[in-house]
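Common to both upcoming complexes is chain A, partnered first by chain B, then by chain C.
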Partner chain A sequence: MPTVIVDGKDIEIGAEERLNCIEAARRAGAEIPHYCWHPGLSVVASCRMCLIETGARDAATGKISMVPKLVPACQTPAKDGTVIITASALVKESRARVEEALLIDHPIDCPICDKAGECLLQDYHFEHGQAERRADLHPFTSRRRDVGPTVTLFVDRCVMCTRCVRFAREVSGTSELMVINRGAKEEIDVFPGYPLDNKLSGNVVDLCPVGALGDKDFLYQQRVWFLKSEPNVCGGCASGCSITTEHNQDSVYRLKPRENPHVNKWWICDEGRYGWHHLHDQTRLLAAAHRTPASASQAAVGFQAVEWADVVTGLRRDLKVAKRLAVAVSPLLTVEEAWMLCAVARSIDPQAYLAVGFIPRSESDETYPGGFTIRAEKCPNRLGVESVIALFDPAVHHWEDLLEHVQAGGASAAWITAAYPTSASDKPWIDEETAAVFAGLECLVVQDFFESPLTKHAVWRLPAAGFAERAGTWVNAAHRAQTFQQAIRPPAGVWPEGRLLWNMLGRRGLYDPVAVRQQIAESSATFAALAGVLPATGVDLRLHQLATP
Partner chain B sequence: MQPFSPVLLEAVGLPTGHTLASYKSRGGYAPLEAILGGKKPADVVDMVKASGLRGRGGAGFSTGLKWTFLPKDHPGPIYLCINADESEPGTFNNRILMEDDPHQVIEGTILSAFATRASTAYIYLRYEYPHSWDRLQTAIDEAYTAGYLGKNLKGSGFSLDIYLHRGAAAYICGEETGLIESLEGKRAWPRIKPPFPAVEGLFKKPTVVNNIETMACVAQIARRGVDWFRSIGVPADPNNPRDPGSYGPKLYCLSGHVEKPGCYEAPLGITARQLIDGPGGGVWKGRKAKAAIPGGISMGLLTEAELDTPLDFSGPGKAGCLGLGTAAVVVIDETVSIVDFLHNSCRFFAHESCGQCTPCREGTSWSLQMLERIKAGKGRLRDLDLLLEIGTSMGMMPGSTICGLADGAAWPIKNAIQKFRGEFEDYIRQTNPTGWMVTEPVSRLAIVATH
Partner chain C sequence: MKPTDPAITWLEPKPLGLTERLYLPLFLQGLTTTVRHLVSPKVTVNFPEQRPVVGNPLIYRGVHRLNRDDAGRVKCVACFLCATACPAHCIDIVATESPWPDREKYPESFVIDELRCIFCGMCEEACPVDAIELTSLLDLTGKSREEMIFDKEKLLSVYDMTKMTEPMQSAELERISEGPL
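Then we have the complex of A and B:
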């Protein structure tokens, strides 16, 4: 194994790994400050913050010969015998100079800057800078430049790391951003008439190490030190990007990508990034409701709010009476919820017809030059739900099959879990004509996020939870299962599906997705990999199946 | 000093010196034909290595050695770039060569391309040289017609095309990797090294970048021989094993406050004073020199007492300057304020810094701000300490920036403050009698636009 010597400490790295000195030093617990380097972008070595001293240790004699100059750690590969010195007097002096230089033209408007609190310029200045300002003071300027529909640029705060420019060239491949002017007058800009409007544009805000690029959606909404963050998974499409939900007092403020080399690397798309507003939409369903008398023909009769305890008993009773049950398992439900739903349905009607719910789709997958893919399938867990249904019924039915089944009179009751975040102002996920298929049923249970043509026919109209309000496991289009915790509590009056089903199964205490997951893993080969604690980046279900015959 | 007749500049003054006929009548292209007639590329490399020719562009790196860095048995293409982006202030030797004897440059280029097995050569010409463009392009056309360029030159199997490329007037394009980026159509931001251009240069292929004057020297070495070349100049210092010596004739660009400014050819090792008093006709108006730039503004400053420094590749370094650079000697007479000199120098580098590396981008701009304030009568003694700190740190520690521009910007600051500190202090005390001792940060002045 190659050995790298970081500040006198021997660190072994993998033989096949191609690490630079920043990454190698990180293994040893030494942080080398850097602005322009990012693992997902090309190396430019221009910020000069990561300058370190390096050398090589002779394998035979153990003699160390140092390079007589500072080298950028980002550009220097860590090989067997590489010596890295991260905090010599020369290195510290060089860092202090770079920090001082970066602040000469910086407005230092931290009190009104959104980045304050998570700004590398602040952090590094505190750690590596010098206390005294020696450059001339200049009038405070904070020019704001609109570079696109999602991003605004605070020109004076920029440290010219060019991460955003490289992102637009290398990852999104759209090249909207560029450097204009020269020397200290350099600025980031777009060409007139060609704004930064690609579907990955929000990532440049995450990439920006300082407060130069601001997210219009998040700007001035919340100070970052108030935010709590929860590792989560994006439900926007079948890619299942790893994200962090940042929230405060049960309000989501922003979503950020979470590094996952198997799924999304460091990026998420704007659709996912801004796809949380439905959680706090005023028009979402906020209470369980029942229509009395339970007759679908009397559509004019309004809904009446019911207690959840009554839902738990009433639902089972009504469905039992109606007998032949058909269930649509929404591809937005977690594996645990889907499994419990199937279990509940089969306990009510042992012959219950189980089908994967409606799968929203766009036209086609979109893959970007950097390898990032936005899937056409706009739901996070189709594969998971299909695998769960397969545990109960070898023939996995889909939404279209379910419609035919109901039309053919195969069912007298239906339980449609939906939870689609298409608000009333958008085009609803189901049209009137399709919804009418369910009109004649004895009992229709609809669990949805917003009112839709289908909820009009419902006897039980139950609110659904949003993605950040769930806990459980989703299986993405590449068969990777990722678990996540509940980030925020749903609004009062909303029970996440899992809680309702847990109670309907008659299990005690609070809904515990971990217990359900353990039970699924133990009882099925498909989900065997879900046993125990999963890594934050998830597991590939197929790989595990191959490994365990 | 031994009598010396110009070789590189032999065509200067001839009315038709720039034509192919004139060049051939002086013995031109005969060595090329001889080499194409039976020599191997390695022979030319060996010849140039043996001559001890060091690059004339500024860094003084051994030309033959540079060629050997190219990967062996590379399937190609290999590119040769000729740097004619002569933008160091005070330098104009490439222009004289391109305008008055373009065929000498072209012959050297063909020989160098043959030696490096390059089949395409680009001459990167600075924008402000339209006359050079005309002369070079005409000469290239003549060379094509005469069969010195094109396919299968003189039946040797070697082919070469030369393309003339006009830059857009930026100092940084003279840096070899900045030049390559610019040639590729990108913003001229110097590249990080490694990989060096010899391994991965223009269009990601092995590339050699040489100066125009180096090409002329290659042509003369081929014509007059290695021994002739080594008979001129300063031999290697026997006490310094790392000194490869400074051989051959050199074009010195003498300008500033001298009676007869111009481009003069002299053996390497002529002192600044010999140059000023000999061909330069002395400091103008009977005045005394105060200082001189030894080889382009980025090399620093020689004081009057240091004018006896030999201008070879190691001489200016011994007098506390960066080096010989482009051998552009700019003389400053005793009436000039050194504050003005440094202000002008800082303004140039702040304007020309490409803005890629933080120390250079901010350091050049900061030093200009301080000089602006000193010039405006609001200087403080503390500014001199800060300037000196910039002058001794920015780019000085090897590796602190990607290219050498920061280094070049720092040397004039460092030399001016170290060698003329008294004058700066007097200036500040006199122009700012109430505030010269202030040490706290003060408000910044609005900078006068540089362009």
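Then we have the complex of A and C:
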């Protein structure tokens, strides 16, 4: 095994691993500060913050010979016998000088800069900079430049790491950003008429180590130190990108990508990044409502708000009376919720017709040069729901099959879980014509996020939870199962599907997705990998099935 | 810890001496204090007819005010540092992009719940532009809770009311930094 010597400590690295000195030092617990290097981008070694002392140990004699100059750690490969010194006096002096140089022209406007609190320039200056300032102190505000529909550039705050430029060239492949001018007058800019307008543009804001690139959606909304972050999974498409939901007092403020080498690497798309606004939409359904059969004829006026305790008993009673039940399991539900829904449906009607709910799709998958894919399938858990239904019914039906089944008179009651985040101003997920199929049913239960043509026919109209309000497991298009916790509480009056189903199953206490997950893992080979605590990056269900025949 | 714990050292009160048991010397001592206060000058004021004298208005911690800059605009840059420092969580700010070219953002709304405030003065210390200050106004009363929730306009009006008697403490800093931050 190749051995790297970091600050006198021997660290073994994998024989096939291609690490640079920053990554190798990190294994030893030594953090080498850096601005321009990012694991997902090419190396330019331009910021000079990661300069270290390095050398080589002769394998035969054990003699160490050092390189006379400081070298950038990001560009120096860690090989067998590489010696890395991360904190010598010379290295510290160099870092202090780099910090001083960066701060000569940097505006002293931390109090009004949105990056303050998560800014690398602040952190590194605190750790490696010097307390005394030799340059003149001229407090001033930064020039602003509009570089695209999602991003604002604060020109003077930039430290010219060029991460954003490389991102646009290498990952999104759109190359909108560039460096103009030379030397101390270097600036980031776009070509006139060609703004930074691609579906991955929000990532440059995360990449920016300082406050130069601001996300228009988040700008001035909240100071970052008020935010709490919760690891979560994006529900925007079948990719199931790992994200963190940053929230404060049950209000989401932004979503950020979470590093996951198996799914999204370091990126998420703008659709996912800004796709949380429906959670706080004023028009979302906020209370359980029931229409008494007498008023069913009076169009849309007959809804009466009901207590959730009455929903638990009333739903079971009504569906039992109606007998032949058809259930659409939304591909937005978690594996746990889908499993409980199937279990509840089968306990009401042992012959209940189980089908995967409507799957919203766009035209085609979009793949970017950096390998990032936005899937056409705009739901996070189709595979998970299909696998759950397969546990109850070997023939997995889909939404179209369900429509036919209902049209043919095969069902007298239907329970449609939807939860689609298409607000009233968007085109609803179901049209009037399709919704009319369900009009003649004895009992129709609809759980949806917004009003839709379908809710007009409902007898029970129940609000659904948003992605950050759920807890459970989603299985993405590559069969990777990722578990996540509830990030924010749903508004008062909304029970997440899991809570309702937990109560309908007659289980006691608070809804516990871990207990349900354990039960599913123990009872089926498909989900055996879900037993115990899953790693933050998730598990591949197929791989586990191959390993345990 | 139990009373029987060996780590506890129990102290007994000293037994009373002769003078203490006589009671008269202590009685005289107490009466002297009473008589001294009877003849000394009065410090009580008949509030509200009479106003108390505030020693140094610059360091008194009374009702808040939001200062204005030279152009009469609110000085606050909506950095949320006062809200961060506030131990009572009584400051609520909504920031937005400022309409002026020399400023990046400003508070669209700035609300202080005066009933929740504990008048510790941390907001004043945290403010990087000396926009929020505590005045020497001490009689803060109202007929309803809503009335005691001060919004931006009201806080600015407190400044207009007190700017003559209590000049801005940041004038010195303004001169050094050549213009607002």
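As a working rule, the second predicted complex is superposed on the first by the 539 of 549 C-alpha atoms of A that agree within 3 Å, B and C clash if a C-alpha of one lies under 4 Å from a C-alpha of the other, contacts with A are read in each partner's own complex, and residues count from 1 in each chain.
Just so we're on the same page, a residue touches a chain if its C-beta (ideal position, glycine included) is under 8 Å from a C-beta of that chain, and two chains touch if they have at least 3 such contacts.
These numbers come from a predicted model, not from an experiment.
Enquirer: Is A:Gly509 in contact with chain B, with chain C, with both, or with neither (first, second, both, neither)?
Expert: In the superposed model, A:Gly509 contacts neither chain B nor chain C.
Enquirer: A:Arg182 in the overlay: touching chain B, chain C, both, or neither? Say first, second, both or neither.
Expert: It touches chain B, and chain C stays clear.
Enquirer: Count the residues of chain A touched by chain B and by chain C, then name the partner with the higher count.
Expert: B
Enquirer: Pick one for A:Leu102: touches chain B only (first), chain C only (second), both, or neither.
Expert: In the superposition, A:Leu102 touches chain B alone.
Enquirer: Regarding the shared-chain residue A:Gly14, is it in contact with chain B (first), chain C (second), both, or neither?
Expert: Touch status of A:Gly14: no partner.
Enquirer: Quick check for you: in the superposed arrangement, does A:Gly62 touch first (chain B), second (chain C), both or neither?
Expert: Neither chain B nor chain C is touched by A:Gly62.
Enquirer: Where does A:Ile112 make contact in the superposed view: on chain B (first), on chain C (second), on both, or on neither?
Expert: A:Ile112: touches chain C, not chain B.
Enquirer: Considering only the contact definition stated at the top, list the common interface residues of chain A for chain B and chain C.
Expert: Shared contact residues on chain A (touching chain B in one complex, chain C in the other): 138-139.
Enquirer: Considering only the defined contacts, which chain C positions touch chain A in the complex?
Expert: 77-81, 84, 95-97, 102-105, 128-129, 177-178, 181
Enquirer: For the complex, which residues does chain A have touching chain B?
Expert: Listed in rising order, the residues of chain A that touch chain B are 43-49, 51, 68-72, 75, 90, 94, 97-98, 101-102, 104-105, 133-139, 159-160, 179, 181-186.
Enquirer: How about chain A: which of its residues touch chain C in the complex?
Expert: 109, 111-112, 138-139, 141-142, 144, 219-221, 223, 225-226
Enquirer: Residues of chain B touching chain A in their complex?
Expert: 170, 187, 189, 192, 350-359, 361-366, 369-370, 373, 386, 393, 397-402, 441-445
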